[in-house]
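Naming follows writing order (A, B, C, D, E and F), and every chain is counted from residue 1.
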Amino acid sequence: MFKHIKDMEYTVHVDRPDPRFANLLLEQFGGPHGELKAAMQYFSQAVGCNNPQIRDMLHDIAAEELSHFEMVGECIAMLLGPTDKVSRDFPAIHMALLSGGPPITNCMGAPWTSAYIETSGDLYTDLASNSTAELRAKLIYERLLQQTDDAGVKDMVRFLLSREESHNFSFMQAIETLKGTGTDANFRDSEFSKKYMNLSTGVGDSRGPWNQGNGIQYEECPNEKYGGPAQYGKDRGADSKGEVGPGYNDKTRNNPQYTQPKPITPNVPGQENQMH
Amino acid sequence: MFKHIKDMEYTVHVDRPDPRFANLLLEQFGGPHGELKAAMQYFSQAVGCNNPQIRDMLHDIAAEELSHFEMVGECIAMLLGPTDKVSRDFPAIHMALLSGGPPITNCMGAPWTSAYIETSGDLYTDLASNSTAELRAKLIYERLLQQTDDAGVKDMVRFLLSREESHNFSFMQAIETLKGTGTDANFRDSEFSKKYMNLSTGVGDSRGPWNQGNGIQYEECPNEKYGGPAQYGKDRGADSKGEVGPGYNDKTRNNPQYTQPKPITPNVPGQENQMH
Amino acid sequence: MFKHIKDMEYTVHVDRPDPRFANLLLEQFGGPHGELKAAMQYFSQAVGCNNPQIRDMLHDIAAEELSHFEMVGECIAMLLGPTDKVSRDFPAIHMALLSGGPPITNCMGAPWTSAYIETSGDLYTDLASNSTAELRAKLIYERLLQQTDDAGVKDMVRFLLSREESHNFSFMQAIETLKGTGTDANFRDSEFSKKYMNLSTGVGDSRGPWNQGNGIQYEECPNEKYGGPAQYGKDRGADSKGEVGPGYNDKTRNNPQYTQPKPITPNVPGQENQMH
Amino acid sequence: MFKHIKDMEYTVHVDRPDPRFANLLLEQFGGPHGELKAAMQYFSQAVGCNNPQIRDMLHDIAAEELSHFEMVGECIAMLLGPTDKVSRDFPAIHMALLSGGPPITNCMGAPWTSAYIETSGDLYTDLASNSTAELRAKLIYERLLQQTDDAGVKDMVRFLLSREESHNFSFMQAIETLKGTGTDANFRDSEFSKKYMNLSTGVGDSRGPWNQGNGIQYEECPNEKYGGPAQYGKDRGADSKGEVGPGYNDKTRNNPQYTQPKPITPNVPGQENQMH
Amino acid sequence: MFKHIKDMEYTVHVDRPDPRFANLLLEQFGGPHGELKAAMQYFSQAVGCNNPQIRDMLHDIAAEELSHFEMVGECIAMLLGPTDKVSRDFPAIHMALLSGGPPITNCMGAPWTSAYIETSGDLYTDLASNSTAELRAKLIYERLLQQTDDAGVKDMVRFLLSREESHNFSFMQAIETLKGTGTDANFRDSEFSKKYMNLSTGVGDSRGPWNQGNGIQYEECPNEKYGGPAQYGKDRGADSKGEVGPGYNDKTRNNPQYTQPKPITPNVPGQENQMH
Amino acid sequence: MFKHIKDMEYTVHVDRPDPRFANLLLEQFGGPHGELKAAMQYFSQAVGCNNPQIRDMLHDIAAEELSHFEMVGECIAMLLGPTDKVSRDFPAIHMALLSGGPPITNCMGAPWTSAYIETSGDLYTDLASNSTAELRAKLIYERLLQQTDDAGVKDMVRFLLSREESHNFSFMQAIETLKGTGTDANFRDSEFSKKYMNLSTGVGDSRGPWNQGNGIQYEECPNEKYGGPAQYGKDRGADSKGEVGPGYNDKTRNNPQYTQPKPITPNVPGQENQMH
């Protein structure tokens, strides 16, 4: 259950209205790296989580992100100032039209969508996703700091920025306890998980630890070694590697004579296909 | 510039049509953790990147993700089979209605949106985001493997799964070369970046490395120590920490007598506010 | 600030997994009339609200809707059951693919969007909007009740249904205290606010209190009395009602000889228009 | 069937182009409280309506909203003025890029979506929803009136504003004829529909007719009385209210030893679960 | 102005409810090639159109598409049948949950969006876009015909299919009157408008009238002839074609030593950039 | 498979940063008529295409559009200039907040969506759709040309504009080879495909080749001849044309006594309908 307390988690103190900055700050209210996104990502992960300890952490941080969502919202509302009569060049006129509170959009007016949420249901992966969500949120706050001179607002933004670092750190620590589980199990144990395909070529081609060392094989033309045209046919077994040759054959989609096989679908009596 | 080569990067070999699985596989064609998302995320990062070495890596992997996008698409088209006349219980009837090719949606029909892309413009952060995108993609492939018996399709899915691991590894290696830059600079150096707020309470409260050790302070009621109602007023300076007291005062939004200050907006002659 | 308590507001008790109903229940998790929509609508109104009493009510109910969001989410997660290995006809296979927790979508997989939120910034109007949001939520729960036999789930749904009624009642009571303010001021005091335009004609035309009595005038062809083609020209003053006649004239867009007047835009030196 | 008549319902008379206001006016063309939303909401309700009298009213008003959609669109097109060559600071440059007609978006460029529509299929509820949609539309027009000095445009906006009032009134009158039906039947007849949960606490807690009187019970900690952790188990019958105790037990998700029960899904021969 | 007439444009005659087909038919109610899309596309073009004759045609066809929107909607509502109590395997259960009328979505539940609309503001182009929209709509109807046996429904679908052909024909005829105007003026008169770039290579490369004859030049490596790395520098004038050489130079983004030039932005006194 | 080459297809040469134009140019990066839309439309058609020759053309042009997507993206990144510290009136401040690369949105910030894609699975239709997509893209480039003075940027835009013409031409040529197939087969061969319904009436009604000649019949009131109220009943056979009369009857939805027939849904034992 959620309880709301009529205090901010941290002081929200605005010197005077600044509708231009109010509009920019929307990015962290209803934007892709903002507080609602963080709260909803961690909360929905908590709901699906069967590990009580990690679930506790997800609920702790989700509740704090909701509290940040409130701080950012209150700050926007105060920066917006009165909107009952605004001049023609009011820098947040769409908020004045909708009047009063902050809309749940980014700073360009795009509505918040749960498409922003990156969740997989695997704890190792989800905590990794969360740790990077915190980094992105921190960055936006760093850039927002450059866009205001209001000392109270700057103080609040610095607090939020620090909290993102704190959450990032917690997620990283928790990941350590999950090493070797989930997506981290049996990791990089196949032939193809140790290759690097150099598919962008020309002046500027570079080598670094990401494509050399650590048993990495560097390849240029994987299609010539492993690929060929897409085709139907008997499944390629372990001992039939050479069966499917490159180029045209009668099961190849590039072949003009190619005919698609019939799908296998159940027969439902009385529902035969009909032409019009 | 991009060139297309009329071979798959890796064999796409389908035994026979299976429209049900074709529909599930859409998740990796036009879904939030799918191949188009990966390709577009890395490509748009490459375009904005001023580090030529990292840019090369981003272009290499973006081009490979586009090649995977093609493999998944071809596989769906072949699994779908002929759609000119389908029975009433065809398991991918919306694809038959739109006929032929795979729509760029997830397996539930939600259109692909660039809201899926997690990019910040900071290299350290972006590579971290990318590494987790690869983990999520790997997971979806692991679950898809359980839903088909077609050996050719399984082989392709295992290839794609391995490639996600490979990309994850490359991104992690590249991050090492960027330690201490971008969001990783001056990290966790403030008072608030070392606290853990226990905002979810009750039976199940847990402690772990994420909220103890490493200089972490554990707190229950940050609002009582650092917060209070939102209010307007003189900026809180370093030496005026106690000035803004909790509860009602004449600048507090919770106060019924509270009046909002006027925003400062430029005067444009001849555009005074008017009532109707 | 928000605090999370590790108990449900009301018992969430599921007899056994039922993935089919888990999928339907998503409608109230991430759908247009669901709990997140209600929580976000009331919360964002609270943030923009300058009336402390109404703000308190909005925060009370928003916090409860978040608590319902949690109840519905927990219920879905339990109804879903284990998703590590599911059969080919698992009735919520997209949730198994994304594994574990409930995605923030409606029952058809459409992502939640803040476009669902109906807010205007006027208290009278917003409370009215909220009261109807509760009615719609109640209805969905009534229909969901018909789709499950699990006594625990039914009990929870009945609780939620009753709470929507309670919220509707609170909003209606609060509206009474705001009569004559906001949109309710100077209401229906013009000539045109008392007409009814019969723009749908034919067998079935009906009269009722919505188009007769209460000073309502019933009209069939408003265009012939008040309209005509759209046109530019001197503003229609109070005493020039007949000036703009119907049909073609030189300021009428329907006239082939009509020329658009130039817009008035500021001159910026050095930025003259150019053709290519 | 729809017929279009080449006159406006009411005079659309623009003095001269004003692209800045043209852009603002988009809010009522393709925005969440605009004319298309109203027309589509009432029209789709009419299509689903089995009460011929209410259906007639819905069709009347839907047709009028379509006529308003046209008026607003014509007004935007005329306010926009010629767009074949525009200066660099043209205040609606995205409309000039797309040239000519008004795009069906709000004033921030967000595409219109049917997610704006609030419909439930219950007449009592739908008419209530419609009545509030009219209030919100009226408000936007009131604010738009402050942003233009063009007497013709102001006259049109005042007409539209009055018509929203008229529609609101008609919907409210029609609701009276449906009292006690649909969602209004058996309303607020349970224990929980008469409680008020005070879930937002602190300085500013308020009492009013929404949480006192009328048989309302005021409660602070519903979770302690009615809740507890979510759990599986035998359905809670009428006589087993105390069976499910708070805290850990072997069916509780907060319990680390907790095991999820198996879902009951139909067996499909030949489709057993497989590991990869 | 729009008038609604309480008759269908053409008989809508349903034998008995068929919720499965009702769901499929949604594709033409609120889908990307459906009736609302057509109506909104032509209507918004009409609003922006300064040619009275073409505007008349656009209004005629838009009004007819709205009438088709109604026919499809009525047909869905009748095919849906009563939804007050439906069995657990009702094939359109989301419509039963939302009860009664057809939601404005496609057959997969994706909300209608104005992103479906293809409009450019150029008459020649818009009529061409419209003609193809009609072809796509016709196709969906052809496929829908195969999915129902209800003679009344089939008759209505055939009518709608024929009307799309009729509209396509009208648009094609109207285009003839605009030859050489708009986008058709000065068409294909540059060097690059007569080349074909063979950027997909391998077995399957084909030649046809689209890449040979008609003065078409066929090229394989445009980058080597016309391209190179992106760079800053003096504008390439007519006589300086060779100035920008391929490979690294000090203005090239691929060059590690490359430094971005400063943007030219106006100075606003008192708003100097600040670091935090 | 896709390969990326580290050269542009055509010179991208920017004189100096111009963030205002960078923002406008987003329209062709992530907008509805932009390069990504074209690339994804043709690529997904190619994947679904069973005609190897047309498939080759679709892949050629899709790969080129991806190369244009890159050119436009590089151009935006260079026009944006450094974003580490920007002034308060930086004309693309949302891109500075997200820092560095171009977001995949249109110039108003609306995220790219696959709802932009117009595909039907019929080759004749798809090529026609593609040809008009090229016209729209060309138009946006023509208008963008008027908004910049940078000779390098203008040169690139003119190249892109010419390429759209070239693609349009190729698609038109290819259509010729498909005449009489797909949607072009049995075209306009029914009674109703040769009528023109004059549903927009009033001053301005026009005649032209779109509604006269070519065997076109011109009609005003189709509902009176072919329509009537929607109703259930025995299917209207060829010889029973007059059976369904206009006005009220017992199967008509406009009739207050009308009762909906029961839908035919399969019985599933043990899942009878239940009331709550």
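One rule holds in what follows: a residue touches a chain if its C-beta (ideal position, glycine included) is under 8 Å from a C-beta of that chain, and two chains touch if they have at least 3 such contacts.
Here the structure is a predicted model, which is why all the values come from computation and not from measurement.
Taking the definition of touch as given, a chain qualifies here only if it contacts subunit A and subunit C alike; those chains are B, D, E, F.
The contact pattern of D-F recurs in A-F, the pair among A-C, E-F or A-F where over half of the contact pairs coincide by residue number. Although subunit A and subunit E carry the same sequence, what matters here is overlap: shared residue numbers make up over half of all numbers found at their interface. Remark: subunit A and subunit D have CA centroids separated by 28 Å (rounded to whole angstrom). With each centre defined as the average position of its C-alpha atoms, the distance from subunit C to subunit D rounds to 1 Å.
In subunit B, the residues that touch at least two other chains are 1-9, 50, 52-53, 55-56, 59-60, 62-63, 67, 74, 77, 85-86, 88, 98-99, 105, 108-111, 113, 115, 120-122, 139-140, 146, 158, 199-200, 203-205, 222-223, 227, 229, 246, 253-254, 260, 273, 275. Against subunit D, the residues of subunit E that register as touching in their complex are 1-9, 30, 36, 40, 43-50, 56, 59-60, 62-63, 66-67, 70, 73-74, 76-77, 83, 98-105, 111-115, 117, 119-122. The touching residues of subunit A, counted against subunit D in their complex, run 1-7, 50-53, 55, 85-86, 88, 93-94, 96-99, 105, 108-111.
Within the complex formed with subunit A, the residues of subunit D that make contact are 20, 24, 27, 106-110, 139-140, 143-144, 146-147, 199-205, 222-223, 227, 253-256, 258, 260.
Against subunit F, in their complex, subunit C makes its touches with residues 142, 145-146, 149, 154, 158, 203-204, 229, 246-248, 254, 273-276.
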